[in-house]
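Next, two complexes with chain A in common: one pairs it with chain B, the other with chain C.
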Partner chain A sequence: MTAWEKQASRRAIWFLLPALGMLAVFVAWPLIRAAWWSVTDADLLATDDAHWIGAENYSDLLRDPRFRHAFLNTALFAILIVPLQTLLAMVLALWVNRPEPAWRWLRTVFFLPVVVSLPVLAVVWTLLYQPEQAGETGLINRLTSVFGFADRAWLRDPSLALPALAAMSIWQGVGLQMMVFLAGLQGVSREQLEAAQLDGASAWQRLVHVVIPSLRNTIVFVVTVTTILAFRLFVQPYLMTRGGPDDRTLSLVQYMYETTFLNLELGRTCAAALLFLTWVGFLTWLQRTLFNEEKS
Partner chain B sequence: MTPCFLKIPDGLKRYPLVGIVCWLAALVGAHAAQDVRLRVWSHQGQEAENHAVREIAEAFNAAHRDRGWTVELSFFPDFQYTEKLAVAAAARDLPDVFDLDGPLVARFADVGLLKPLDEFLSDAERADFLPTILAQGTVDGRLYALGSFDSALVLYYDRELLARAGVTPPVEGQGWSWDEFVKACEKLKTAGIEPVALHMNESADEWFTYAFSPVVWSAGGRLIAQDIARVRGELTSEAAVRGVRAWQELFARGFAATDPVEPDPFGQGRVAMDWSGHWMARGHLATKGDRLGVMPLPSLGTPAAACGSWCWAISAETKQQEAAVAWLRWVTEAETGVVPLVRANGAVPARRAAFAHFPEYEQMPYALFRAQLETSARPRPRTPFYAMLTHRFAAALRDISRGADVESRLRKAEEAVQRVIDRKRPTKTAEASRP
Partner chain C sequence: MSGRRRDHITRWAEALLWSASVVVALLFLAPLLWTLIGSFRVEEAIFRLDAASLIDPRMWTIENYGDAWRRASLGPALAVSIGQVALIVAGGLLVNSLAAYAFARLQFRGSDALFAAVVMLIILPVEVIAVPMFFTARDLGLTGGLGPALAGLTLPFMAKAFNIYFLRQHFLNLPRQIEEAAVLDGARVWAQYWRIALPSIKPALATVVVLDVLTHWGDFLWPLLIGTREETRTVQIGLANLFTQPPVQWGDILACAVIATLPVLVMFRWLQRYIVATQVHTGIK
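Now for the complex of A and B:
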């Protein structure tokens, strides 16, 4: 290292300090506090009176059927959402990826639900899913009845509630991923596409052999982000089903909310949150490793 | 021309330093006269109610100017107010005085966050409060909170719709037995009239516990054995299950909607009876006039009514105890607090002395509100575990209304709550389960 480089790296520390300071205050310190509380019996209303209880919160959580139930629900939600939403976002992006202004309008339409506040959408969709009550039927049941299906109580049927929430969430969130794919599509090499076309490759072959391989990084990003967002499920079930029917839509975040603000068990919440963080971190690592392996 | 208030007196122009010193002295003087600033938090209710609280605070400040006491009011949206209080408690930043929903008093008292109020209250003052207000604020024999108003839950009915179906309402002040209620529903349904609105579209869990605990109580059951914090076996007691089964039948037989859309189908004239609270009285009287009738809730044995509302408590850590007690007195005193608040929100006055200001309490439906609070109303369970209890009970009721098996669904709810209790109170529960 030359003297100049040494000086530059010493100076760099000063430029890094503000960012590091913020990270320390808003990320590192809360994490340390949470880790400490997670091994205590801290009560939210009386944090000073916390006692060390070791790994009890963790072992108790892993044994708690309600926590496991919340985990399975959320995992199921992610399994429903991640492939469907990624695929749909890609199809939409390929569809609207045209320069004419008319398509810009369509892009806006698909993106609109991302911008609208989620609680508002939750109320609207609750009405859409409404089964017949006193002569009034929600739009979705009216549509399905056209095809001869019986009226369904989407949000209160134990086997339909979670899929119904997933459908609504896909509709709400797909615009964002579509935008990411659109950005990715701009990076697909025109020369390669033209070369493939000259070689007589069909549209499908061009998609599979040129477009999708060029989108690899975008796909990794979209899948990772969608998975993380799916595990953070909260607003939709909290407002549309309150976690019911029969706890079928109880999500991990709602479990943590209940533990914090209903039971006021701060220690246990911190343990749950750290388990949650570890799990999401593990998933992200797993996805990156799998995709990278394919590359090699 | 300079406006006169911008003109600086000639003397001050000459001696600016003297002016600044005088001004500073005035500031310090003013500060000395108002050295007690009382932090008061309140949930944000309807605008009229917030306005009333603000005016009460202004009147308090004016009346205590000589003592230098100033109330500083902050309002917070009521759907996150409880969270706000919890976080403030965690940060040891609770205000001197705050209001909280009645059933939460026990949780705050349990960890010693509230100052007991018994010593500040004379026997005469105590006797002037409705018994339900005292019961709601009392945990383990000590009084921790006082409300300015209470609530009432009744069965409103439309005389004309009942007559059309050939149903005779009970004598004034009396309620139906559950069988009579079910028979009335049958007749109404046969006549093509939707019998009763139970407001299952309420988003808050609290509606379910508030409105339907009386069914469990009247059947002889309870939600929790309060003293020993035991829920297991209580929600699934024979009496509780009998009550909830009877309630489920209302939906199974199509007497009440499981997923209504309208907030007030009774007011719209579509439904014959309304299982609802005092807050609908003004509206119902306006739309129905003489057609409006009211009776206590139908009973499965012992008549039981609901009560409870927001109440005021003092932080155990307040350094302004004298001013805090004065504020609590002021806001729960008939003339200074109860009357303006009740005028604004239409709730039931908490003080007997205040009823003189509301002549409507001589008549129905108001007379019934008071009568119930004086005799048959019970506060919701006063247990530190109330938040989880009401949450699980409400979820169970939602599922049960839609056809879930009563006993197994209630068992699931009581297990979930008991698990929380056992976790936090291993000793107490272990003692209790000893024969």
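Now for the complex of A and C:
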């Protein structure tokens, strides 16, 4: 060890202490407490008076139809937005991936909703989805009526509410994923594209055989990030539908929020949180595996 | 001859592509344009888009802004939101870059294991631990009045595993010689970090700032849990209250939505540029 290294090691503790201290207090400690509460009968008003009840919270959760609804709704939301948003983002990226600076304004347009906060957009879209009411019709019903569709209460119709939230979420997030794809497209080999063109490959063939294979890691990344984001769904149902109609848009996070603050069942919330965390961990592991495959 | 014809076709295709782009762009922007227009309309005209009502000056107003400002107490709410984001960004820059520098340069036995533990926290969504985190914040007295609530809104989010990881990468990429030369000159570790390493990774620091601003300006669940009192409400919570508590005035709500967006819109160019940089550095490589 050189003198520099010795001095450096002694300093390391002071460099690490603020950040690691905060992570310990605000992240690690709550996690440990959540793990403990998840096997106790802790409730919101008496967290210190918690008694060991084993896996009861977990088995209650799995039996609770509302938890099953919340999980299935959130999973359905993910199934709706992940493929659609990824595909749309890729199409938009290919569309605006042109060198002329004029195309930059189009990129900006698609990116704009990303910087507007989610609560703002949730409120605005509630008005957009409004059905005809005393002569006032939301923009979306006006648009669909042009094509001859009947007026619909998008957010109050049990079979339409979740897809309506998904549509709004895709519109909000697609610009960010488009940017990721644009970055990925810079990595597509120009020589390979030119070689394919010389071999007489059509634009479609070049896309399928050259562009998409080299975007593999970008696609895996976008799919994973969008899936995890989809499972964090909270603001849209909280503000736009309150989880209704008939719990059809109740999300996992919303379930946890309600179980804590309306039913005061802290133990059960913590059990849900741990299951949620396991699920996110699994998704990340899946992404890693798919990434590694590429390297070998 | 055939060449000229192909030029002709290309020009037509280009015109078509452009018109399609303009139509799609307008459709895409419609929700935001409608919000902006609606915020300047009198209540009964917000859902009316006919030409007659659009040119009628009596259908336009700026009163929604004054009403929204008063009803959602947007003055204090903006102060809380801006204060919240500024504190998270400033505090976060300091603590995360310090830790990142230590992990990159001040190796000691066990530091790799410690770093691996930090990396594991990256995927942890805040929604998962929001409820237990709320109890920790409450036990520490970080709820209640303005000061404690502002601490409660910010302290838990300053240290961020991802930012530590991201900044460490950039510190590792710096050539080592600069720093060791500095030691021979008698400079200390702190000075190396503060005067040499930190200024060398300014673009990475900007990226972290942008990500934090974007994330925390839109924070909803946490302020909902912790900032419930009138004087500790953020802009987003103020908007949600206007939206849910009668009497519901669409004009005020839309004006509030515009006001809640302006602060981030000012930073737009910057946000767009640096967010791409992050995605490229972290996700794909």
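Things worth noting here:
In this text, the second predicted complex is superposed on the first by the 254 of 296 C-alpha atoms of A that agree within 3 Å, B and C clash if a C-alpha of one lies under 4 Å from a C-alpha of the other, contacts with A are read in each partner's own complex, and residues count from 1 in each chain.
By our rule, a residue touches a chain if its C-beta (ideal position, glycine included) is under 8 Å from a C-beta of that chain, and two chains touch if they have at least 3 such contacts.
Note that the structure is predicted; figures quoted are calculated from it, not measured.
In the superposition on chain A, A:Ala153 contacts chain B only, with no contact to chain C.
Between chain B and chain C, more residues of chain A are touched by C. By the touch criterion defined above, A:Glu258 lies against chain B but remains apart from chain C after alignment on the C-alpha atoms of chain A. In the superposition on chain A, A:Pro131 makes contact with chain B only, while chain C stays out of contact range.
Using the contact criterion defined above for the overlaid structures, shared-chain residue A:Thr47 touches chain B and also reaches chain C.
Once chain A of one complex is fitted onto chain A of the other, the partner contacts of A:Arg66 are limited to chain B, with no touch recorded for chain C.
Residue contacts after overlaying the shared chain place A:Leu266 against chain B and chain C alike. Contacts of A:Ser117 after superposition on the shared chain: chain C is touched, whereas chain B is not.
Contacts of A:Ala195 after superposition: neither chain B nor chain C is touched. Legend: residue contacts after superposition of the two complexes on their common chain; A:Val91 is shown touching neither chain B nor chain C. Of the residues of chain A, those at positions 47, 127, 130, 136, 239, 260, 266 touch chain B in one of the two structures and chain C in the other. For chain C in complex with chain A, the touching residues are 21, 25, 28-32, 34-35, 38, 46-47, 49, 94-96, 98-99, 101-103, 105-108, 111, 114, 118, 121, 123-125, 127-133, 135-137, 140, 155-159, 161, 164, 180, 183, 188-190, 193, 214, 217-218, 220-221, 236, 239-240, 243-244, 250, 253-254, 257, 260-261, 264-265, 267-268, 271-272, 275-276, 279-280, 283-284.
Chain A makes touch with chain C in their complex at residues 4-5, 7-9, 11-12, 15-16, 18-23, 25-31, 33-34, 37, 47, 95, 106, 108-121, 123-128, 130, 135-139, 142, 171, 176, 179-180, 182-184, 187, 217-218, 221-222, 225, 228, 231-232, 234-235, 238-239, 253, 256-257, 260, 266, 269-270, 273, 276-277, 280-281, 284. Chain A meets chain B in the complex at residues 43-49, 60, 64, 66, 127, 130-131, 133-134, 136, 153, 156, 239, 242-247, 258, 260-266, 268. Residues 82-83, 86-87, 89-90, 92, 107-108, 111-113, 194, 203, 205, 257-262, 265, 270, 385, 387-388, 391, 394-395, 398-399, 402, 404, 409, 412, 416, 419-420, 423-424 of chain B touch chain A in their complex.
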